[in-house]
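Take a look at the structure below.
Naming follows writing order (A, B, C and D), and every chain is counted from residue 1.
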Amino acid sequence: MNLNEKVYDISEAGSIEPEGDRTIALQIGPSHPGSGHMRIKTRMDGDIITKVDADIGFVHRTSEWLSERRQFIKAIPIVERIMLPDTVHANLAYVLALEKILNIEPPPRAQYLRSLAAEINRITSHLYGIGIFGIFLGSSTVYMWAFGDREPFIDLMEMLTGARITNSYIVPGGVRWEMPKGFKEKAESTLQYMENRFNDYNDIWAKNPVVEARTVNVGVVDRNRAISLGVVGPNLRASGVDYDTRKASPYAAYKDIDFEVPKMNHGDSYDRLLIRIEEIKQSIRIIRQILKDMPEGKIIADSIYSQLNPVMKKVFEQEQRVMFPAFFNQMRPAAAESIARVEAGRGEIFFYLKTNGDKYPYRFRWVTPSFRNLAYFSDVAVGYRLADLPAIYGSIDYFPPEADR
Amino acid sequence: MGILLLIIWLIQDLLYLIVFPGLVVAMVLVILLIYLERKIAAKVQMRYGPLYVSRKVGGALQSVSDLLRFSFQEFILPIGSDSIAFLMAPGFMFAFAMMPLIFIPVGPYYSYLFPSTLTILFSVALITITPIYAIIVGWASDNKFSFIGSLREAFLVISYEIPLLLSVIAMVIVYRTLNYIPAVAFQETHLPGIILNPIAALVFIIVAIRSTGRFPFDITEADSELIMGLYTEYSALFFGIGMATPYIELYALSLIFSLLFLGGWWPVSIHATGLLAGLFLPGIIVIIKAFIVMMVLVFLRAVYPRYRVDQAVRSGWERIIYLGIIAVIISILEVIII
Amino acid sequence: MIINNEDIIKTAKINEDEKKGIIDVFVTDVNSLKNVALSLSKMGFDHCLSVTCVDYRSRMSVIWHVSSYSNDEYKGHVVQLRIDVDTSKLVPDPKYRAPMIEVPSLVEVWKSAEFHERETHEMFGVNFQGHPDLRQILLPEDFYGKWPMRKDFTFNKSGIKYEFE
Amino acid sequence: MKDKEKRKLRGDVEGNARALATGFKYLVEPNRMTLDYPVESMKLAPNYRGFFTVDDKKCIGCSMCEMVCPPEAITMIPRVVSPTGETLPVQEGASQEAGAKPAKKTKRPVVNWGRCIYCYFCFDICPVDAFVRSNVHDLAYYNDADYRPSYEGYLKLPEDPVKKSKKVVPRPDMKRGIKYEPAP
């Protein structure tokens, strides 16, 4: 390919059809109720999709570029804002990569609190996905229910961190706030409520004959194809691959926690729908364990705590609030590189961080799960009907801002 | 003397067409129904629904304010559209959706502009005209999404019209008449149609859901695929008309359902006389029955997602049509036995 | 030693860092890159996590991070397949601000690398030879040829911050 | 279809009946989770991260908050401390009589509310813990300039815009997830 002569056709799918071509071009998006912040360029032969080109980048926010030009600590809010339904995981993944460079090991209680926040976040993220899938298939009830049921969990996060979505809870060395009083009881009743709701979700959504008709055998990805496309998270496990980063390379407190990784066999939209419900059940189990087994102790590593000045130590003892040592402002880690992998709600976040002794990261690379799930559009949706496109799109829980970064 | 009678007759007909159960009542019911649809969905979905327009009456004027908004909105005519068809099709759609009301008596003493003993046949025949204009709407818009919407409408109309006719034929066989008033009289002396032939009632309800685009057959307007389906390019009052047409259709079908299956103005006797019992009470009863049917049908929005078009067409040809044939057979057996 | 394939050991420098979780496979010869990748893929490293590039000004290193879904032994490890390209001798192209560098594409080996390579292409100006569909993915069309993630990329910063009082 | 049986899908009749029954259950027994916002408003937890200000007496003008602020919302503005201990703008401080003790130069933070993301990093980096929190968060201004208060304006915590509404607190509830109860 001669790149110098390359001309980018903005509306490639909308250009003139070659002679004898009976397909029509259909541009779904970027302003379309079923596209999200992206454009899905499709070609249709009758009602059958023959080609899909997912044109992303409409909400590209240059997070890598911004982070490479700021102090290390300032990347925490940046990565959070890219993955709004999954903030804790993005935060955690970045901090894990940074901690490997700084050689800080957080204390066990902080590890447990990180896992706690991450699992609450996973539930909200899956509920978000279920709700969006609901509205894509036309079920406004599930959309409202799932977003309504996110609320108690967001309320828990608010109690824990003081913010609803953008928590900025995890910092190098530990977490910023101790678990407040009354949190356990509140969490337990919220979890029980969610467990009660599963029957209703099954009746009106997962086992609804219309949903079954729409999703069974739609967007089938078998095991080998899922591996070669490199899809992540619940979508991968719905295709029968037994892979979860929490098991494969445990981080935070997952080494000590007993949980199962749900797995499905068919790899169609219906399995991707069910696996999210199963994962919420596992998350509930994990949160119960964490609340039961949480060890006592400090929530910040000693190497950080020892750098606090007397005023800050007093604040920590009174309010259980970790203040930042001046070191956070002037981090200059030695030249090193590290990676971090975290199983977020939608799949695996990958971080690659390279430092060269400067106060800014030298290379800040991160890959979000949605970006890796892009293959679903261009490879999987081909051959299905136009009405199956929302069923596939919704089931993979794709979040355009997250893919664009 | 004859001229005076003719004038009274005409005024009566005009009142019948415009006020009750025609345009005015239909529009009021539709506005009320749209409000209730949103409220019902909101109840199931754990939220308030329309509230801020006229908060004291629970947001009941929301639909009125929507109508006003549609009326004063800017109308946009797309450049590529077939402008005459684009402008006229919604009007025709609305008119043909209203037309079955001419032939639907809401009481035993209602006379018609076109006196006929074939009212069932006429009303059902007129109902099947509206989709033709829906197809024209999609064609004239010069938009791929509208066009796909109208293609879907065409597919679905063909696959669901026959079951509709079959279910009506089943009832006509039982009642041995093509006129609504003897049909209601038959139900008064025997049993309501829904007990006489429940399969026909089921088929009629499914077809009513389908032809008015209620969930789970909200296929031509599937917003996650087709934006607004047929009405993607419409704005202002034309869009409002397009929105209201399925509800008018729903009203007509619900009236037919309550006359054919729910015993019409039962418990008021067909032989009742006087202004109240003979004229107003039957109408009110029929409309209340029809309104309950409408509410049940709009409640489905809160329960179901939507089917895919090929699934809906397939179920039309593979399931509903057989149900319709079964309904006809049941009716024939009943007639033979009785 | 996790990587015990002889072909890879022969052609690449391997540095396994257990603590950071990286297995660094540094390929010195461009021509052997694809063979190393194929050997890794045969070993069981079946998907690509990320493709990226680090700009050291005089040289650029293109990195493929790969891992395994199917092999239990390799699940916890990430292989960092790395190749350096010398940029000091490249002649600037008048059309672009900085010259494009060329490395072979590994999409044939790992299909999952397709979108990552497209992103690295537009951000760093890496021409992945043999990529089936090397177009821009995130940036607007008129941005082509500016390679924003390179260290020499600059832009006018005026209007970024408000001044007080 | 064979595949379908293997999955234990519900039959059409049972599935439809259960879906309709569930919908009907919620219709007759509504569980309303919405907060009727301007009429009711939430009394937020004491650790909620809302608008904040700085304690003028405690602040030492070290600029740490400006350095850590991720969106660069905090700007340090020059101030002088008068002999009486008040912080004054530079011009007023300079116009003091000659012979009096020279005013001490210092700096104070001011936040651009249009940029602030409420991460509270400034709170935690402050070596003297000088910031003061509030849990007012639902406030918007009319002009761009209003988002950038003067130092004196910044010192005053903004008032709760929905002060008159009924204050409620969220409580977890078995039936509807969150129930809003009147605040104590």
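Criterion: a contact is a pair of C-beta atoms (placed from the backbone, for glycine too) under 8 Å apart; a residue touches a chain by one contact, two chains touch by 3 or more.
Source: prediction; values computed, not measured.
Central chain by Cα centroid: A, whose mean Cα position is closest to the mean of all protein Cα atoms. Between A-B and A-D, more contacting C-beta pairs join the chains of A-D. With every chain reduced to the mean of its CA atoms, the largest distance from chain C is reached by B. Between chain C and chain D the centroid-to-centroid distance comes to 41 Å (mean Cα coordinates, whole Å).
Remark: chain A and chain B have CA centroids separated by 46 Å (rounded to whole angstrom).
For this pair, chain A with chain D, the centres built from the Cα atoms lie 25 Å apart.
Averaging Cα coordinates per chain places chain B and chain C 62 Å apart.
Shared contact sites, meaning residues of chain B that touch two or more other chains, fall at 44-47, 302-304. Touching two or more other chains at once are residues 141, 148, 204, 208 of chain A. Across the assembly, chain D contributes residues 19, 22-23, 26, 33-34 that each touch 2 or more other chains. Taken together, the chain A residues at the contact with chain B in this complex read 24, 26, 28, 32-34, 47, 134-142, 144-145, 148, 204, 208, 210-211, 213-214, 385-390, 394.
Taken in their complex, chain B has these residues touching chain D: 40, 43-48, 51, 299, 302-304. Considering their complex, residues 41, 44-47, 144-145, 148, 215-216, 218-219, 222-225, 227, 301-311 of chain B touch chain A.
By the touch rule above, chain C contacts chain A in their complex via residues 19-22, 46-50, 52, 54-55, 63, 65, 69-70, 75-78, 80, 93, 95, 100, 110-116, 119, 123, 127, 134-141, 144, 148-149.
Put simply, chain A touches chain D in their complex at residues 70-71, 73-74, 76-78, 81, 141, 148-149, 151-152, 155, 158-159, 161-163, 166, 168, 176-177, 180, 186, 189-190, 192-193, 196-197, 200, 203-204, 207-209, 212, 216-217, 266, 270, 309, 311-312, 315, 321-324, 326, 328-329.
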